[in-house]
Amino acid sequence: MAAVSISPLPFKPMPPPVLTHQSLAKLVSGTLIQGDADSTISGLNSLSEAVAGDVSFLGNPRYAAQIKTTKATAILITQSLTDLPHDKALIRVDNPTLAFSTVIKWFAPPARPLMIGVHPSAIIASSARLDPSKVSVGPHAVIEDEAVIGDGSIIHAGAYIGYAAKLGNDCVIHANAVIKEHCLLGHRVIIHSGAVIGSDGFGYELANGRHQKIEQLGIVQIDDDVEVGSCTSIDRARFGRTHIGSGTKIDNLVQIGHNVVTGKNCILVSQTGISGSTRLGNYVVMGGQVGVAGHLQIADQVTLLAKSGVTKNLAAPGAYTGYPAKPLIEGRKMLTYPGRVPELLERVKELERKLAAINGKTAE
Amino acid sequence: MAAVSISPLPFKPMPPPVLTHQSLAKLVSGTLIQGDADSTISGLNSLSEAVAGDVSFLGNPRYAAQIKTTKATAILITQSLTDLPHDKALIRVDNPTLAFSTVIKWFAPPARPLMIGVHPSAIIASSARLDPSKVSVGPHAVIEDEAVIGDGSIIHAGAYIGYAAKLGNDCVIHANAVIKEHCLLGHRVIIHSGAVIGSDGFGYELANGRHQKIEQLGIVQIDDDVEVGSCTSIDRARFGRTHIGSGTKIDNLVQIGHNVVTGKNCILVSQTGISGSTRLGNYVVMGGQVGVAGHLQIADQVTLLAKSGVTKNLAAPGAYTGYPAKPLIEGRKMLTYPGRVPELLERVKELERKLAAINGKTAE
Amino acid sequence: MAAVSISPLPFKPMPPPVLTHQSLAKLVSGTLIQGDADSTISGLNSLSEAVAGDVSFLGNPRYAAQIKTTKATAILITQSLTDLPHDKALIRVDNPTLAFSTVIKWFAPPARPLMIGVHPSAIIASSARLDPSKVSVGPHAVIEDEAVIGDGSIIHAGAYIGYAAKLGNDCVIHANAVIKEHCLLGHRVIIHSGAVIGSDGFGYELANGRHQKIEQLGIVQIDDDVEVGSCTSIDRARFGRTHIGSGTKIDNLVQIGHNVVTGKNCILVSQTGISGSTRLGNYVVMGGQVGVAGHLQIADQVTLLAKSGVTKNLAAPGAYTGYPAKPLIEGRKMLTYPGRVPELLERVKELERKLAAINGKTAE
């Protein structure tokens, strides 16, 4: 191995950022209704974890009690919140959660400057189509023949764009992610590292005692504004397409089988698995580690709680839990009913004792 | 970053393929028993999703009713099927599912032409052994020292073949998959993108309050005709080998612990996990999200339904479900028994009421 | 594709290693208390799988009965073990499990010689800091601007070290693993292939019917002596840090949500998922496929059995199981109680029959 010369650059530690209460209010388009305008904050955290000098926020009324106990110096609150603490700087905003996002960005470490162009080590097949003045392709990325990359898209280091795959504008494919041949991505699609789009569906035909592979010759189509988490697998269709509807957000380590169709704006939390050919409506939400059998229909606005397992169609919107999944109230009861068994055993024993006593008496 | 010049090739949209009923029958070695020989089909889909102009198939008798309601124009059916619809083109074949695979291939987008040879950007260690005229090694693939690649094998872009790993003939290692040092693959093994073969087993010894790593110095051996899904991890043995028997098919995101042994022709569906040193017989099937504890023996032809959890040896073939897993009938009942608790509570309450009435009477 | 010339090196099969009983005792700093000093062993395995010529070990008293039935020729045993077999070579050592690790290393295939330096195909940004004479950077690895790699660290082929990420000394980043921007790793941290450190946390705000991405601007901090398995995802914090305490060991395919904090020396087995902002104490153990909801506190020394699901804080150390997770004894009963339902139904039916008989009699 050749030893290359790396210049030992001095570290440049960031100066700790500070922000006055008044500047903070301006930053979030809010109103400072209490607290000294010129005092400063130097950090940020949730109400429960904040320390002196931090700004925090109350976005969820469930945590309202914490604004009395938090150690935060300043708090972003809604326009209507009452019962306020007297010792904090308070800033009213329309949406404290979104406003806090603005604060987070202000305090965040500087993002890596985006490099426009194609890194010399990237391999771009001669028939691939992209405008090098409008995309960013990182080191060792590979873009195969006939692939198309829309303007504004970023292909990070080591990512792979397969033969004839087509990406819309402003997509971000993170380091070492894989988009396989013929798959189609819309605009503003984000694929995180290690995710695999378009691996073969899992299909075999048992013949003569052996599992013979059924060719998987369809594609994956991912519509606009979808995000796919790290190490998530979305299998290509046996034929036709596996289809992820626009605005759907998929967490890490999720499995989407071949020919699955999701509606728009679904939320699939980590480690959930959806078997082949199942169809989800719009706004379907699945908690972590949910499993759904194949060839099912899940209605719009169904919410599945974490770890539930679905074995039948769910035709009505609403929440479900348990395995097999049942409507929320019933599903929760199914989880608690076994706990009534000891009491039942005791009561039955007592009945048997009393009845024996009566029978003894009547037998006399 | 240097901006490279990418030629903006014109798109070449495929002409929509069409196939006459007669050509279709010939394609699948079948017999057109009904329908116009010269009419054409232009697409394909399952019975439930087909539209006019599509060919479909009836492979599973469970869907027989659908051949009356499908919108498909032509249907592939078995030699023996009766009760046929009158308004469809019908083609009898020996195995509609396999025949349909042929149709799928006919309609599939053209596969990327295989590039024989080693891409100039691939790194092949000088002591690695392969015949560049008989293999395909993609861009940025890495093949370490002493590795051996059999003839006919394809190592896709960014894949990694570790030190002294050995692959048989006609293997396919997909983009960014990882085969670690000393691992052995037979012939016709397929490893999908993001899969990791030969990562360290998970073993520690608690000493002085710290988990000390137990070296994992064995290998993974994968026999002929095995397929491993995307983002699946198969750990190397602590010593000796983790062994995947021939013909076994493993889906995405599956975990195989160190020293696990699977028999031949097993099917392991997505997100299943098998803990260290467990041994599976032949033709074992595990549904999605199954978990199996370590050091267990699972007999030939055991089938575990999705989400079941195995904590003891399973010595008899057959289906099991639930956690802890029980034979199918019993396991299913265990899932439904909690639903009988409300009725039991009601009946016990009624008994108590009646008994109190009797006792009241007898106490008179 | 250019066909490169690969020299067809002759295979160098290893001579089968053999070790005399006396050399074996010396190797493990033990005492040969029984057996011929000059006889040899030529392999190694667990007690249950050993064959003649193998050395094995008894580390766990649970397997004590096996030392009478094992086919091993030599066995490593504790200083205090009694009830010994008469036909085996026996070597007393302080810790048979650790001693066996030494034997494993002796028999293991030769490790790949470590290449010091930076492979010419690796891409190291000009402002990255590392000492090429003290690190190993493999083919096609990418190290972005401002990243820092400590001495003794190994960055394997295809691994990605993001902008301003910082690694301590003696870390090992396996092939194709991803460490994203600004993440911090301590000393002796091992990240296996396909793992992703610092992908975005999963956070959205529903506004106007669409899930708007909440920027994830924090980092992941991993302290000394942590190991992270293959295809595991650890998300960066929304702000601040996701924090893995020193000595914690994480298996394959585990999901760690944003802002999760683990204590020191935790063990997280494969396919476990921990939702955002949950905090674990020290020495927390989670079996495979465990799920933990977000924003919870898990006390020191809590052990969660495989497949359990945690929905509430666990404030007391000890073992828990089931879903929702309960203390071990209660949790196990909850899994068995449904099995008492048939008996209850039978006893209630009998009571009803008898009571009807009495009522019939008293009605006479």
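As written, the chains take the letters A, B and C, and residue 1 is the first residue of each chain.
Convention: contacts are C-beta pairs under 8 Å (C-beta built on N, C-alpha and C of every residue); 3 or more make two chains touch, one makes a residue touch a chain.
Everything numeric in this text was worked out from a predicted model, so none of it was measured.
**Q** Turning chain A onto chain B with a C-alpha fit: angle in degrees, nearest 5?
**A** The C-alpha superposition of chain A onto chain B needs 120 degrees.
**Q** Given that chain A and chain C are copies and touch, would you call their interface same or different according to whether over half of its residue numbers are shared?
**A** Different: when the shared numbers are divided by all numbers used, the fraction is under half.
**Q** When the C-alpha atoms of chain A and chain C are each averaged to a single point, how far apart are the two points in Å?
**A** It comes to 24 Å between the two C-alpha centres.
**Q** Residues touching two or more other chains, restricted to chain A: which are they?
**A** Those would be 119, 121, 140, 158, 176, 194, 231, 253, 271, 289, 335, 338, 341, 344, 348, 351, 355, 358.
**Q** Using the touch rule from the top, collect the residues of chain B that touch chain C in their complex.
**A** Against chain C, the touching part of chain B is residues 115-121, 123-124, 126-133, 136, 140, 142, 144-145, 148, 158, 160, 162-164, 176, 178, 180-182, 194-196, 199-200, 202, 204-205, 207, 209-215, 217-219, 231-233, 235, 238-240, 253, 255, 257, 271, 273, 275, 277, 289, 291, 293, 309, 323-324, 333-335, 337-338, 340-341, 344, 347-348, 351, 354-355, 358, 361.
**Q** Can you check the complex and tell me which residues of chain A touch chain C?
**A** Counting only chain A, the residues touching chain C are 1-9, 11, 44-46, 49, 95, 97-98, 101, 104-105, 107-109, 111-112, 119, 121, 138-140, 156-158, 174-176, 190, 192-194, 225, 227, 229-231, 247, 249, 251-253, 265, 267, 269-271, 288-289, 306-307, 335, 338-339, 341-342, 344-345, 348, 351-352, 355, 358-359, 362.
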